[in-house]
Structures are given as C-alpha cells and as structure tokens.
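Going by the order they are written in, the chains are A, B, C and D; count residues from 1 in each one.
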Amino acid sequence: MPSRAWKWFIEYTHPTQAHMHGVDKYIYSGKTAYQQIEIIETDFFGRCLILDGKIQSSQFDEYIYHETLIHPAMALHPEPKKILVAGGGEGAVLREILKYHSVEKLVMVDIDEEAVGLCKLHLPQWSDGAFDNPKVKVLYMDARKFIEENKEKWDIIFLDLPEPLGDGPCYLLFTREFYKIVAERLKAGGHIALQADNLNPRLFHSHAAIYNTLRLHFNHVESYGAYIPSFDTKWGFIFASQSTSALDCNVKNIDDILEERKIGDLRFYDGLTHQALFSLPKDIRLLRSQDNRIIEDDNPLFSF
Amino acid sequence: MPSRAWKWFIEYTHPTQAHMHGVDKYIYSGKTAYQQIEIIETDFFGRCLILDGKIQSSQFDEYIYHETLIHPAMALHPEPKKILVAGGGEGAVLREILKYHSVEKLVMVDIDEEAVGLCKLHLPQWSDGAFDNPKVKVLYMDARKFIEENKEKWDIIFLDLPEPLGDGPCYLLFTREFYKIVAERLKAGGHIALQADNLNPRLFHSHAAIYNTLRLHFNHVESYGAYIPSFDTKWGFIFASQSTSALDCNVKNIDDILEERKIGDLRFYDGLTHQALFSLPKDIRLLRSQDNRIIEDDNPLFSF
Amino acid sequence: MPSRAWKWFIEYTHPTQAHMHGVDKYIYSGKTAYQQIEIIETDFFGRCLILDGKIQSSQFDEYIYHETLIHPAMALHPEPKKILVAGGGEGAVLREILKYHSVEKLVMVDIDEEAVGLCKLHLPQWSDGAFDNPKVKVLYMDARKFIEENKEKWDIIFLDLPEPLGDGPCYLLFTREFYKIVAERLKAGGHIALQADNLNPRLFHSHAAIYNTLRLHFNHVESYGAYIPSFDTKWGFIFASQSTSALDCNVKNIDDILEERKIGDLRFYDGLTHQALFSLPKDIRLLRSQDNRIIEDDNPLFSF
Amino acid sequence: MPSRAWKWFIEYTHPTQAHMHGVDKYIYSGKTAYQQIEIIETDFFGRCLILDGKIQSSQFDEYIYHETLIHPAMALHPEPKKILVAGGGEGAVLREILKYHSVEKLVMVDIDEEAVGLCKLHLPQWSDGAFDNPKVKVLYMDARKFIEENKEKWDIIFLDLPEPLGDGPCYLLFTREFYKIVAERLKAGGHIALQADNLNPRLFHSHAAIYNTLRLHFNHVESYGAYIPSFDTKWGFIFASQSTSALDCNVKNIDDILEERKIGDLRFYDGLTHQALFSLPKDIRLLRSQDNRIIEDDNPLFSF
C-alpha cells in the first residue's frame, strides 16, 4: 500500500459531508440499463460494490449488513418455508436465508440482470454458491410489477433495495401503495424486513418516513439498526408484522432458536446482538415520533 | 449554504480512509503548549472542537458522547459524592455530572489551561455554566502527576482523554501503571468510566488493548459503545469496577434510578439506551477475546 | 508541517476539477457586504487571499500576477502621470505603479472598504505602504458608477477585478457598455490593462469573450498570459489601446525603458519576460479566433 | 456528467498540494514489472495515462506536451535522419517525429513492454499508427544499458522519461554519467531534447539539477517550458547541443522551416510558440542561476 493513495472513491451524504475511500484497483466500472456500477478493491474494506455513487456492501463487513437484514425475521418466524426477496442482487441475502433448512422456496426479484451477473463474477463470496441452489429462483423484473401481478403468499418478504435516488430504479418500492400490496402477500404469521436508510440523527428523515408509511399497513413496525463501518454510519432496518414483535424475545430466546435450528456460523447476529439491534436510543425514538411524513407514489422519497 | 463548500476539514483514520467536513467558518486555529486546536463552524454539525486533527465533539451530537461517558457510571453508583475527572476540558462532563444532586465535590484535572479557556469562550453551551459551580474545582496539571501525588479517594473517576498520538499530551494516561493507581484511588463501591477508542472492527486494536490493560486491575471491565455521527463511527467506552457490573441492571432499573434522582432532561441516555450501549455485537466480542495486548509506560499505545 | 494536512482549501474550477491547498492556519474568514473573504496561511504559498472561494493572490507568487498586470502598460506609456485602478483592493497594484516616478495621481476605486481594510491588516506586504503615499487616493464605491459620473481622463486605467460570479459585485465591469466608457476616459496615447480569466484551452471561453468585447472599442487588443502557480494555470491578461501595440517592442526596448526609468527591483518582468507574456501559443490564437461572444449588460459573463 | 463526481484521481505534488480529477471511468488499472499504470476516462481531459500516480498525458492536451518535446529539436536540425527515443511509450513522440520526411531510422527504447502494449490498446490516437511505420523499431530494454552498449550515433536523441521516483524504473537516466554517454552518441551537429520536470518556481529544484548536470557535457543547454493544463503547471524541457542554440532563431525562421518541410498540421508549435517556449521569465532564470546541484549515479534525483 502506498503511503498516500491517489485513486479515491468519495461518497457524499450531504453537500458538506463526504467520506474518502482510497482505492487499490477498479475492478469494474460501467452503466447498466438501470444504474451506474463500480466494483472496487480497497486496502481497508477489501472489495466493494458501489451503485450510483453509494457503497452497497464491502467484503470486510457485508456480514454485518446481511445478517442484520435477514436473521431477526428468519429467527422470529417459527418455520419459514416460502421467502421472497425484492432486490438483493449481490446474492448474500440468499446465502443467509439458505442457512435455514425449513426454506423450501426462495424467489429473488431484481430488475438488473447485468448487475447480478457482475456480482456473481466479481463478488462470488457474497452469494457463495447460493444462485445455484435448487430452492432458489431469480426473476429479472420490476419487483413492484411482480408483486402486483403475482398473488402468491409468502412467509417472509425481504426488501433489499438501494436508496431511491431521483433517476434510480426503485423509488416506487418505498410507497404506501407498494407496502399495502406487500402486506397482502404475506401468509398468516408472516412478516417483512427491509433496509431503511440512515440512523444518523442528522439525516434521519428517510427512516422516519419509511417507518410511518409502513405503520399504515402493519400492526407491529419496529426500527432497528447496526453500525456498518463501510457506510460510516449506523444504518436503519425495519421489521414489520401483523402478529409478531421482535421486542418480545430476550437474549436467551434468540440463542436457543439459533442453536435449535443449527444456525451456527453467524459472525454478527446472536441473542445479545438482537438486543443491541432493537434497543433504539432515546434521541432516535424522539425524532421518529416527531415525524409524520407518509411516502406515496405521487409523493415519493428521494435520498440525497 | 453554498452548493459546494471550499473550506474542508479532512479527518484521516487511516492512510486510505478519511472523512471530509465542509467548514462554514474557522472560529479559532492555534497551538497551545500541548496540542493543535481548531474550533470550526459547520453547516452539518454546528460548532466543532478539533484537537490534533481529530474531532472531539460537535454541537449537534456532543450530548451523545457526554451522556454516554457520564450517566452509566453515575446511575450505577448509589450515591456519587466525590468525582474526579481527568481531561474533559470542554466542560460538558461537568455539566452532566452536576445533574446529580448527591455530588459534593467535583475536581477536574486538565493539563491545558489555554484549551479550557478557548472552550469556555467559543463553546459555552458545552459547559453551560458548570465552571462557575461552587462544587467544581479545576486544576491545570498533568493528571498522572495529580493522581500519583494526591492520595484522596473518589466515588467515581472519569477519564475523558483524547486519543494518544505520538507527541500528544496523554499517552501515559492509558497504561497499566496509571490504571493501577486509578484503581487505588477509588472508595469501596467506586468505579471508573472512560472513552476507549474506535469500535469499528477494522480499527479495533486500541479498544482491546485498553480493555485488556484495565482487566489487570479491575474485577469488572465492561465495554460499551455508541454511534457518534461526527466521529463517523461507533465509539467505545469502558466501565470498570471492583464490585459493580453495568450488565446486572435492566431497562426498568435505569429508568427508575433516573426518575428517582430527577435526572429528567437527558436527550440520549435512559434504560433502553443503556441496554443498547452495553449489548456488544458478537463480532466485537470475538475480536476482543482474540487480542491480548497490554499497554505499559514502556510500551505505550499510539493511535493513527 | 504535519505529514498530512487536515485543513484544506479546495478550489473548484469545474464540477470535476479542483485543487487542494493544505492550510496551516485560517487568519480570517468572514463575509463583507460584497463577498466572502478568507485569508489563510499555507506552508506552500504562504499567506493567501481568497474571495468567494477563489484564490486571488498568494504571498509566494503575487509578484508574478501584479508585475504582469502593471508593468507592460506602464513601460509602454511614455510618461504615465494619471492612473486609475478599478478594484485592486490588496494594494499591490498601487505598490507596482508607484515604482514609476512620473506618476502624479493614482486613484483606486474599490467597492469593498472592509475587504481593503482586511488586506491592509493581514497582507501588509502586498501594499507595502502604498496606501499612505500622498499620490494615492482610494474611493470606496462602484467602479462603474465612478467611471460613468467622473469625466476625468487618464493615462492608464487598470481593471483588477475578481472573476464575475453570479452574485458577485462586478459582473457589470466586464461588458461592452462599460468598456465603451473606459475607452472614452483615456487621454490620447493612453491605454488599459486588465486581468482576463483563464488561458487553459479547456476553460478559454471567458478570455475570448472579454477579448472580443474590447475589440469593439479599441484598435489594439492584445492578449497576454503568465503561469501563476497558486492559480494552477496560465492566467490571461489583456492590453488595449487606440495607438500603442505591446507587440511592437523587442526585448532590448523593454530592458532599456526599465533601466532608464530606474525600475530596478522587479522579480518577474523584464524584456525577455515581456516577450514570453505576449507570445501566445498557436492553439490559443486559434481558439480565440473561433469565438465571437460579446458581453453586454443584458448578457453578462459568469465564470464557473 | 453527474453534478458531483464520486471517482477521483488525486495527484499530489507536495504533502499540502494536490489536484483532484473527477473520473468518468477506469479503463485500466494494474501493475507491470516496472510501474503502476492507470488509464482513466475523464470528462474534462478525455482519456489520461497515469504512471505511479502522476498524469503523463491526456487526450485533450497531449499535443502540447509532445509537440513541445519534439519540434524544436527537429526543426533546428538541418536534416534529421537517425533518431533515438528513450522512453516515450505512448507512441506520440514517434507520431510527431515521423512528420519529418527526412527521418530514415527511428529507434525507441522503452523498458516496459506491457505499458507500451496498454497504450497501443487503450490510447491508439497517441501513436496514430506510428508503431507500424517501417522506419520505426521498438526495443524493450533499459535505455541506459542500450546506450552504453550500442555505439551507434544519432542526429537527435529524445529522452521522454517519467519523473524518477524512489522505486521507479528510471532514476539512472537523469545522471551525469548517463548524459556523458548520451553526448558521445550524437553525430556532429546533433542534439538532444528532454522533459525536465516542473517549472513552478516553488518546485523548481529538479529542473535546475537536470540543467546543471547537462551543462557538464553540452555547450548549449537551454531550458524551455509550456503550460500543460492536465499537469496544472508550466512544465520544463531542455534542449542541449554542442553547436546549435534554440535562441538564435526568430519567429520567421521557424515558420519558414515548418513550411518548407511541409509540417503543416501542428496544433501548438510554430514560430511564435517557439519564442514563447524559450523566453524564460526573470524569476526562473534567477532561481536556475542560484542552484548548483549535480545529479550522479551515486546521488540521484528523486521527485516527490
């Protein structure tokens, strides 16, 4: 590593805030039909995937993001058999879901076939063979269209979508109209989990809006968050269900469930981590309670 | 706010990692006998204090750092009367400690009188009048020397020290020799709390070393952490005691204590936040267990 | 000097081009009635003046800019007595002009009294006492208004104005209407010189537009340029006259004039430098010939 | 072009000075046996070649660098037939040399075959077919070794070598021992031209050292310089000869030579540009006269 990098990826979160990542090597850089993709090699975080200028996951810490998104919802469901994933093109969500032997059918709907191909090629440890698992079916289409037209019901639906930017592919996957259909596509006892923007209290508006919008259609809507080093922030997630609360379980419950189902190799998630994820600090609870923005097809959410 | 800032403060945490903060105005920039000080005004975080190129606290989120450092130790002590603070020059730790009416004597030992003066002048809301409280006494001297020479015992000792840099003032305040004396200066039932470096798993070595070193002299040593937006990371703290564990209490315990003592205006800390702070994720627990570095006067710790 | 600066001034010349200057110390930072002013201390260029995010001059190389602006026009005039300067608030143009003993009256019109005061205070070597010279008179007012209302005629008029930005103070000092009056305010045999934007062929449009606009009112309009290190570019100037050409003289002419008038202490300008300044490369000559933009009060020029 | 780039190439010229280039696309990034190579696409300068973190040439302005290096020496030689080039891997020097019909033999010696291959593939307009010209022969070997062992004599020798960095391939191509042999390999009436580092007066030491070292072996050693936008500076070159001076000709001489030899399509170089190139400003002449550093094999030159 040189004493001073000369290739940098600079991620802006605000006109006056940015993070600089020294780049060892640009593995891939190009534009698909839907988004700008960069795959970079860094000394600090290893290989990273960047969509439209925003880091999606890094080799060093993708286990944090993906275990956080997947395991609370999986552990809290008594027997998850049919799972739907919207987005999730890197394949790491498939890898995590397949650790549960109860899973019989796992459908991933991602609009960007080229992006998925690049991830398979350049980030193989993300999916770790999951795309070849016979339980997995991948559909390359708009997730909104799929869920509108396909009336099938699921035990769990995961929404692993990039932040909606002005011209990005997924701003209609964060609206009340979409969440209404998502709720209708769950079996009894089913639930959803999704990534839900920044938990930095200075950039909190998007999380609160997603939270408020989900509350229109779910009885339990529960924010949780994990610090993700490559995002340089604590990132938000939401668990939503008609019948189950992620707050009702204690550390031992989760550890027992993981042990019983032989989910042994997790690096981040266990009972104590579950407790950390769902213990929202007082300031965030207050901010969330003060916001009442609802996201609609006609009034969508756009991140910076 | 201009569409593009031209004054930037760039904080490096590694040769290939840096955070850029757009600066509205440089309030102060100079060198004391001990350190380089900058006080800047930013659009994003308000006023910020920078020592030797590292953000110490910002107007927007100093409540997170200071409540996290102070309140667990204060709440867990049945009746904190005599408190010693090493460092803490901004005065915000005094402000938080003084919220407890049991406090009778509060001594702060900070080596850099000029720095404290600059904080009083330019960051008055940090101390919010605490320097004028008759219970408070401020000594401008080396905290190591003070604690070696002054045999007085304390209910709680807080160490609020900047990261030890190569030529910075405080690398001898992070060693086994120092912690041994600190332990001896506690009354029965007393304990300490300190800031303890980054909890980013990629930059974890300093926290683990501080933890291991404290374990030589304390029965209970408990890591905890909070995401601090202006640090762009989850930051580590440690609670250490011979007799008390921060893990033995539940959410309701803490909320009851705060209510009983009428500590009503906290923005970050309460029972649920306490639970979040002390619930360390699995990866950090593993990393900490794998490290056995001990810090000594002859083998000190230097941060990047 | 630390191995890695943490305070930076970043000057953008384009959305994808910027120069980073490590800052030792912010001397002054504030907003006058007309512009944002920063005075910084750098290791590389010494003290620098920044207006609205653009470096105006640095201690290390202000001699290049100021000698280039002033001496060709002074040397080419047989006996410059009455000189008018629009802008020029740092006072270095006064310093250079006063080296000619023929000067009897030197009026500077700068709109920003506060900025001039800051330069006197923080950049004293720029003016080097010139403001106290009895030949000098400084008026704090709009130079357009002054030149419209004051019918006096001058041997030389210098326009030392910052680049016109959208909300900056001087976009009406770069138009055909203004240049028409400027031409009328010259005595017979008089001429003007001005700074005239970037000579980077990739950013050449402003210089060409100023050149074309001046050609409406002057017989001789001659571009010249000097590489200014702190601007990171070759910067453009223009000499314009009804009767005199800067191209008619050779190296020896200029050296003889300077010697005869005892202008002995110049660091940059002499006969050979004059030849360098006015020898425009072929690509710039071509670009200039291909542009026909005229700047008007109703269609002003705005730099990036 | 996005309103804000997120991929940047940052070129440092000093610990406190850097230039930021927004990158559209990384075309190639890798390490040959000799150096780190990046080929990038930028909005501002088009495609750029970067060796060991330093821009070597850009699509937008490589004509300035290459015409400046090649044409003065070619025009000043009455009939250049045998030409040797050390370095020059992009092939643009070949393209320029081949414009002279007198050339019979053109040998290029570049140590890095892989780099030359990448330039042919990704920067084809640089060489514009020159590698296929039957007069051209390319040898992949150390130029020092070639010139030591091969006793052939040449009309002109061009040294187009990257700046010598600590571990770069070419620091022994800037020494008195090397220049002595180069001088011996010239035919009577022959001369050399080379790139010779930065003419920024704040970074002038390397140019002066090269100049002084050449003066040990050549009667005429003449600095010249051109502002190169993608280098953000005025760059230095040197012409050296036993019998010919580049200062003896006037504008018309050069224009006549170019016309007579039918060198019609140059974009930068002509008689007036020649005059600009060789008219060194007074400050640079002074700095050069004050420096007496000699570069030797045992005391080599290393750029920042």
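Basically, a contact is a pair of C-beta atoms (placed from the backbone, for glycine too) under 8 Å apart; a residue touches a chain by one contact, two chains touch by 3 or more.
Remember, it's a predicted structure, so these values are computed and weren't measured experimentally.
Q: Does the subunit C and subunit D pair touch with the same residues on each side or with different residues, judged by whether over half of the numbers are shared?
A: Mostly the same residues form this interface, as more than half of the numbers used are common to both chains.
Q: Computing the C-alpha centre of each chain, which chain sits at the greatest distance from subunit C?
A: Greatest centre separation from subunit C goes to chain A.
Q: Using mean C-alpha positions as chain centres, tell me how far subunit C is from subunit D in Å, no decimals.
A: That pair's centroid distance is 33 Å.
Q: Centroid from C-alpha atoms only, then distance subunit A to subunit C, rounded to Å. What do you get?
A: Result: the chain centres lie 56 Å from each other.
Q: Enumerate the residues of subunit A that touch no fewer than two other chains.
A: Where subunit A meets two or more other chains at a single residue, that happens at 2, 4-5, 10.
Q: Please give all chain pairs that are in touch with each other.
A: A-B, A-D, B-C, C-D
Q: Using the touch rule from the top, collect the residues of subunit B that touch subunit C in their complex.
A: Those residues of subunit B that touch subunit C are 2, 4-12, 25-26, 29-30, 38, 50, 53.
Q: Using the touch definition from the top, list the residues of subunit B that touch subunit A in their complex.
A: On the subunit B side, the touching residues are 1-5, 10, 14-22, 42-45, 60-61, 63-64, 199-202, 226-227, 229, 232-234, 266-270, 272-273, 275-276, 279-283, 285-286.
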